[in-house]
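Look for subunit A in each of the two complexes below; its partner is subunit B in the first and subunit C in the second.
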Partner chain A sequence: MYNQTVARLTYKALLGRRRALLLFALPLLLLVVAVAVRLLGDVDDDVTKQLLGGFAMATIVPLIGVVAGTGAIGPEIDDGSVVYLLAKPTRRAGIIITKLIVAIGVTVAFSAIPVFLAGYILNGNSQQIAVAYAAAAAAASVAYSALFLLLGTVSRHAVVIGLVYALIWEALFGSMVPGARELSVQQWALTLAQKIGGSGAGITSEVGLTMGVTLLAAATVGGAWYASRRLRVFTLAGEE
Partner chain B sequence: MTTIHIDHTSRWFGNVVAVNDITMDIGPGVTGLLGPNGAGKSTLINMMGGFLPPSTGGVTLDGAPIWRNQNAYKEIGLVPEREGMYDFLTGWEFVLANAELHKLSDPASAARKALATVEMTDAQDRKISTYSKGMRQRVKMASALVHDPSVLLLDEPFNGMDPRQRMQLMQLLRQMGETGRTVLFSSHILEEVEQLASHIEVVVAGRHAASGDFRKIRRLMTDRPHRYLVRSSDDRRLAAALIADASTAGIELDWNEKALQIQAIDFGRFTDVLPRLAREHGIRLYTVSPSDESLESVFSYLVAA
Partner chain C sequence: MPSEPHAGTPVATAGKPPGQRGEDVIHNIGYRNYEGARLGRRYARTSLFQQSLRGAYGLGRSAKSKVLPMILFAVMCVPAAIVVAVTVFTKAKEMPVGYNEYVIIMQPVIGVFIAAMAPQAVSLDLRFRVVPLYFSRPIERSDYVGAKYAALAAAIFVFTATSALILYVGALLAKLDFGDETKGFALGLVCCLVFSVLHAGIALAVAAATPRRGFGVAAIIAVLTIPYMLVNALQAIVASQDNDPAVGWLGLASPGSLVDGLQSKFLDGKHSFPGGPPDLTGAQASAYALLTVLLIAGTYALLLRRYRKAGL
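Moving on to the complex of A and B:
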């Protein structure tokens, strides 16, 4: 199913353009904030938790997911170059799965790893907080990649919709409004952090572990499935 | 031998009918799809290329529907009109990727051959973003040829090409047609189509207007009534002399334009008679201009015919 050529094209598209700047800038921001917080004052587990949970998981991870997920297919659909992928005897599901794997790889690399590093800088992985949030970020990366990849096949405004979702739903409602929090990739992924984090870490999430993992898996599989369906019926409109 | 069969096919977008009950077969050789802009040429090509389902009717390749049939692309090479084509790759990387996506046994040599065919070997290591329009077009061609398809579909391939590149591409397409491939290209320029196509399909306003070799199409176009606007030193006397000749069917003294509106029914004879009569009557001709030579009016005549 994995297609090396599709993967190569997708990596080049993601890492060779302006998107790459965003991909590097966001984790860098997280690390800079972590270093600054560390240098400026006493860092306890609580501060670490607030920064990784309230800032990294709520903002940085979904934003990286938007950039990588939509970027893995959106621009090709916008400028029509996806025709060169599709005018081939290649299974559409294979194209989507490959792009999904690439998007996941990029999102994990640019979100989970920086989250881990930031946690280490802040409190040296006390109470397993760095590992816990890195695992949650990785799990969230998988679901975000699938959802935003799907968004890239559905709408020309995928980036805008993705940003609205990431910043308003995940960062605002997903962290604060009770009902909305249950429908948030962030909260589903936090079940993992809750499980891994030490008892003193006090990481909480809105849903149970089984439910969280099930919902993450469902979002990923569902997103990928519908994205390949969209690709199978991709049309070029006629002359205006 | 590969044939695309379009059977009573229509395609509409909302309330707009882009293709209206068209039936045609595209067989081996070079076929030109001729029509003014907005006639439905791209819609037809998109349906033949599997990137648009017909609203009704069927579009098949040797009997198999093309829509949602990935295996059709083993036979089809597609040159889209749109420019998007992975600008961040070099020409070589782009054509190689296309060869790999076709799962060819030796993608590198196929890519090398395709790039040589379109004479892009020298520029193959430059990024596509640095290419001129003609170069992009040729690399698109290479990507469509890389798996040696039996059908080649090209949407307005000559747009933006300079005369030399145009000649080159025509030569290439002619060769492909002569070796038994089915080549279909669209254009809104009659001269382009008649230079290249052994067979012409004319589409106007979504309908199939005419079909035949270029002689037949040319005759249909020149045999139609022509309208001319003529200004002379004595319009009224000229009109009297012209209406006596069998080459004209109607003449109007147009007061607003201060000119004659002439309807000629025998194009060849009229062009001969007009200057002769003017000379015989000592009338000076100031303006002789065809007043309905826009492609649309030429084509719409064909539709009515």
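Moving on to the complex of A and C:
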């Protein structure tokens, strides 16, 4: 199923040119802030949690998911070059799976590793906080990649829709309507952090562990399945 | 050499009265000069403003491009209507949300609107290389930039002020104090105005830098929200360390918290900075005002500079 050539092309599309600039800038910002906070004041577990939970998990991870997830397939569909790929005798499910694996790899690399480093810089992994948030970021990356890859195949405005979900749903409604929090990838992923973090860390999540992991897996598999279905019925003629 | 009737006569027809034009040129293919009224620079400028403003809400464009602005407009107004309903039915003595506060709370929605509409206003002209066509009309560079800037600022103002208006009408229906509410509403409109002009400038400066619409949308969202989220997280950290002055200084670092701080000091509102009430000091307040003016002037200058080269 995994196709080397498709993977190489996707890596090139994701890590070439301006898209890479955004991918590198976001984690760098997180690390700079972590260093600055560390240098400025005494850092305890609460501060680490505020920065990793309130900024890294809420902003950086979804944004990297949007950039990498939609970027893996969106531009190709947008400029029409996906036609050349689809005309080749490769299974379309294979194309989606390859692109998904690449997107997951890129998202995990650019979100989980910086989150771990930032946590380590802030409080040296006391109470396992750095590991906990890195695991949550990795789990969220997998689900975000699948969901935003799906969005890329569904709509031409995938980036806008993805940003609306990431910012309005998870940040705005999540803070005002408690029920919305249960339907958020971020909260599902935080169950992992809750489990891994030490008892003194006090990381909380809205859903239980089994529930969170099940929902994450369902979102990932469902997203990938529907994306490959969308690609299978992809019409070669332009819509407009 | 046979003497042609045209020989020796200049081709130019200037100075001839209309109607006799073209009698002495080699080929008269019937082109005529435009002789109607010339509407001039001012007309072109207002037209550009009008078209851009209408375009921001999808008016005069395809049905598909009306969907997003209208949905966002509804998302912006419906919570205001809910707030009004709650106030009327619970017979509250005052609104649960102030006029200024509402704008600050709804920032993510406004941000998406700005991010979707600013590239539409300028990036498409760049992408399809029609900017030189604008400048072949009597308008100047400053007219184009000014019209686009004013149009986007007006679009954002309409977007934010409408919900303030809903709150105001609701407050009057709920028989709240007329004087208080009118004063709050007037200050709320000023807050909307500052917010609109500042954000329009930032968004246009980013959008004009790229001819790709999708990239522009993402870049504007990033510029508006990442600093805001970052400032919020940092302010919460600083507040928990009881370092109150730093909370105010940190607020300078994002457009959203900048407007929040400004309205709390000058427009009679409450800021939503973590750590609660301590107000901005005098020095901080003047820094906020100065930075706002600098940002507005700076983004306008950047835009003017961007369009200096007509070929682009």
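By definition in this document, the second predicted complex is superposed on the first by the 235 of 240 C-alpha atoms of A that agree within 3 Å, B and C clash if a C-alpha of one lies under 4 Å from a C-alpha of the other, contacts with A are read in each partner's own complex, and residues count from 1 in each chain.
The definition used in the following text is that a contact is a pair of C-beta atoms (placed from the backbone, for glycine too) under 8 Å apart; a residue touches a chain by one contact, two chains touch by 3 or more.
This is a predicted model, so every value here is computed, not measured.
K.L.:
Answer with first, second, both or neither: which of subunit B and subunit C does A:Glu76 touch in the superposed model?
P.N.:
The first partner, subunit B, only.
K.L.:
Which holds for A:Arg232: it touches subunit B only (first), subunit C only (second), both, or neither?
P.N.:
first
K.L.:
First (subunit B), second (subunit C), both or neither: which does A:Arg8 touch?
P.N.:
first
K.L.:
Given the touch rule stated above, what does A:Leu167 touch, subunit B (first), subunit C (second), both, or neither?
P.N.:
second
K.L.:
So in the superposed three-chain picture, is A:Gln50 touching just subunit B, just subunit C, both, or none of them (first/second/both/neither)?
P.N.:
Once the two structures are laid over each other on A, A:Gln50 reaches subunit C alone.
K.L.:
May I ask you to decide whether A:Ala87 touches subunit B, subunit C, both, or neither, giving the answer as first, second, both or neither?
P.N.:
First partner only, subunit B.
K.L.:
Share the list of subunit A residues that count as touching for subunit B in one structure and for subunit C in the other.
P.N.:
Subunit A residues touching both partners: 78.
K.L.:
Hey, which residues of subunit C end up touching subunit A in the complex?
P.N.:
It comes out as residues 68, 106, 108-109, 111-112, 115-116, 214-215, 217-219, 221-222, 225-226, 229-230, 232-234, 236-238, 240-241, 243.
K.L.:
Which residues of subunit A touch subunit B in their complex?
P.N.:
3-6, 8-9, 12-13, 16-17, 76, 78-81, 83-92, 232-240
K.L.:
Touching residues of subunit B toward subunit A in the complex: what are they?
P.N.:
For subunit B paired with subunit A, touching residues are 11, 13, 18-19, 37-38, 40-43, 46, 49-53, 68, 70-71, 73-74, 76, 78, 80, 82-86, 88-89, 94, 97-98, 100-103, 143.
K.L.:
Residue numbers of subunit A touching subunit C in their complex, please.
P.N.:
Residue list for subunit A touching subunit C: 18, 22, 26, 29, 33, 37, 41-42, 46-47, 50-51, 54-55, 58-59, 63, 66-67, 74, 78, 157, 159-160, 163-164, 167-168, 171-172.
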